[in-house]
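Chain lettering (A, B and C) follows the sequence in which the chains are written, and residue indices restart at 1 in each chain.
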Amino acid sequence: MASEEQRAIEAILMVAEEPIEPNLLAQLLEISQERVSQLCTELAAAYDAEDRGFVLVKVAGGYRFQSHEDLAAYVERFVLEGQSARLSAAALETLAIVAYKQPVSRAQVAAIRGVDVDAVMRTLAQRGYIAEVARDPGPGQAVLFGTTTMFLEKLGLDTIDDLPPLGDFVPGPEMVEVLEQGLRPSAS
Amino acid sequence: VADVDVARGLDAGEDPHGPKGMRGPPGGPRYAALVPYEVQTSVFEGPFDLLLHLITRQQVDLYEISLSTIIDAYLVELERIGRMDLEVATEFVLIAATLIELKTRWLLPGRDIDDLDEEFGRWEERDLLLSRLLECKTFKDAAEALQRLAARAVRSQPRRAGLDERFAHIAPDLLAGVTPQKLHAAFLRAATPRPIPRVDLFHVAPVRISVQDAVEELLDELPRAGRLTFRQLTTGLVERLEVIVRFLALLELYKQGAIDLEQASIFGDLQVTWLGMPGDEDPASLVAAEAYEG
Amino acid sequence: MASEEQRAIEAILMVAEEPIEPNLLAQLLEISQERVSQLCTELAAAYDAEDRGFVLVKVAGGYRFQSHEDLAAYVERFVLEGQSARLSAAALETLAIVAYKQPVSRAQVAAIRGVDVDAVMRTLAQRGYIAEVARDPGPGQAVLFGTTTMFLEKLGLDTIDDLPPLGDFVPGPEMVEVLEQGLRPSAS
């Protein structure tokens, strides 16, 4: 049976999208880092003993769940057969907003698109087309996104300035407001 | 009843000075007795919500309560909230107008009726209203259940980590076929302003239409058409208030015996049939009999 | 000990970003959908027996891993971003009507609510809870709305049939009595 502390670690690692550093886990559980390491080692051993299809590993200084390497063939098959291989129109529009308006926060993109963009932004980031590039200096310090070198390569662009210019396109008033509000430096 | 209440309700809604201007009359003893105000709800979600509240919490008889009492109660509620925004004001006008509509429906066809058919008709009206209140209550409770489900579901968060870098090489290239031009076009699509939702401007640009005007229009239109549906009669009317005023005008003509009204099914379209002017009355006198403004 | 098929399911669900339908799992594992359901049920029972900090559930027609609800306090901070604002009472009631009456037109919803619902319906659609699902075949061809997969996910339901029956909410005789009293014409 998993202990309460182990259960908490399992829950956190299950929802985390990045490897979680031991000191963050220690802080969340209010226990020492040594204890965190010990608990994670125990969990990893338990999954191994039960012959689970996933493992708990330490990568890039943090802990995460990942699929067992034995089962790579199934995962590859899932990637190739189960996932759509094209960007949806909605995803393309989201990418376009990030490309033209970078650096831009998730909330600003959502405000322009008028819908929830979290899932799309996550996919774009996972694929390496966009990445966190800065923090909004204002209160809240929202993460600001921009396009990556990989994005430029895929589109055959040298620099981001090589995108077709927006020319005399006049954005709607809501959009101007969204962009101005979000990026206004705080306490000026 | 309707005269006074129509005027007060709409004046209040049109008042540009906000809550100060909206202070209702202090309310006599009758008001205090009927509506001891201990309200937990913030803003009522529409007329059925208000009626539900009044009936279930105050246990009042809606036939006894005057429309001004309901409006006073609402004004008290507005003051309690202590703020006045456009949404609340619009909502208020809407509620006042809808209450007038409901109330008029019970009152206009005559209070002292001997005719059994008409008496049955009144019971039908009442059952209709009852069924709508029950429906309103049902969905209110269903909404709470949805809220509880959502509150529970949010406690469990899904795994969304996706593929790790080991599989990056096989992940399909989502940008295959995407050119800078396509990206440009996508941006323009996303950034082009969508049609702006129509804002109801009751409170800033009051619709100045009176039931009297509406009666005149109907007297012009109905004798020529003979038989029309309410929907046809209100085609092209943008403001809800205009529709309500037309409805009041129809009730007025019905009361006078100039038209007949039929409704085939609940929420079905109202069928309006021109019967001709009662007696040898001059249309002008009929119009003159109508004084209240919408 | 987990079977090879169970391990494969665990591995795939670990890299999935949304609920995975049984027929996709069946296709990837080359087994029947019934077998998939059985295996997933077994896995879910095993996690439960081991008192894990995560669960395997069927939501919105597919299987997914999620954190155990007991541990909400620990995972809260990982889901702050993108956490959508709560729905207003008006929005919830409108949503309830759409959920139980779907497919339903805007006018039908307005008739039940007794107020204009355009703005609320627009908000619900923007936030992905409802969507246009059909056109009324009758004259006027009104747009008909229904709930979305996201609605099911937000409520933790597998299918729309898992909603509590509407009959559960029909007011009891006492409430009917109270309302009837209120509407009884007074002797005049």
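Here, contacts are C-beta pairs under 8 Å (C-beta built on N, C-alpha and C of every residue); 3 or more make two chains touch, one makes a residue touch a chain.
Just so it is clear, the structure is predicted and the values come from calculations on it, not from any experiment.
Trainee: State the pair of chains with the top count of C-beta pairs in contact.
Mentor: Greatest count of contact pairs is found between chains B-C.
Trainee: Identify the chain whose mean C-alpha position lies nearest to the mean of all protein C-alpha atoms shown.
Mentor: C
Trainee: How far is the middle of chain A from the middle of chain B, if each middle is the mean of its Cα atoms, in Å?
Mentor: 45
Trainee: Quick one: report the Å distance separating chain A from chain C, using the average Cα coordinate of each chain.
Mentor: The computed centroid separation for chain A versus chain C comes out at 25 Å.
Trainee: Just give me the whole-number Å value for how far the CA centre of chain B lies from that of chain C.
Mentor: One centre to the other, that is 30 Å.
Trainee: Give the residues of chain C touching no fewer than two other chains, as numbers and ranges.
Mentor: Residues 14-18, 54, 65-68, 75, 78-79 of chain C each touch two or more of the other chains.
Trainee: Can you list the residues of chain B that touch 2 or more other chains?
Mentor: Residues 157-164, 167.
Trainee: Would you mind writing out the residues of chain C in touch with chain B in their complex?
Mentor: Touching chain B: residues 13-19, 54-55, 57, 59, 64-69, 72, 75, 78-79, 87, 89-90, 92-93, 95-97, 99-100, 111-116, 118-119, 122, 153-157, 163-164, 166, 168-171, 175-176, 178-186, 188 of chain C.
Trainee: Which chain A residues qualify as touching chain C in the complex?
Mentor: Residues 1-2, 6-12, 14-17, 28-29, 50-54, 65-68, 70-71, 74-75, 77-79, 81-82, 106, 114-116, 118-119, 122-123, 143.
Trainee: Can you list the residues on chain B that touch chain C in the complex?
Mentor: 45-49, 52, 54-56, 59-64, 91, 94, 98, 106, 111-112, 122, 126, 129-130, 132-147, 149-150, 152-164, 167, 197, 200, 240, 267
Trainee: Would you pull the chain B residues touching chain A in the complex into a rising list?
Mentor: Checking each residue of chain B against chain A gives 157-164, 166-168, 170-184, 186-194.
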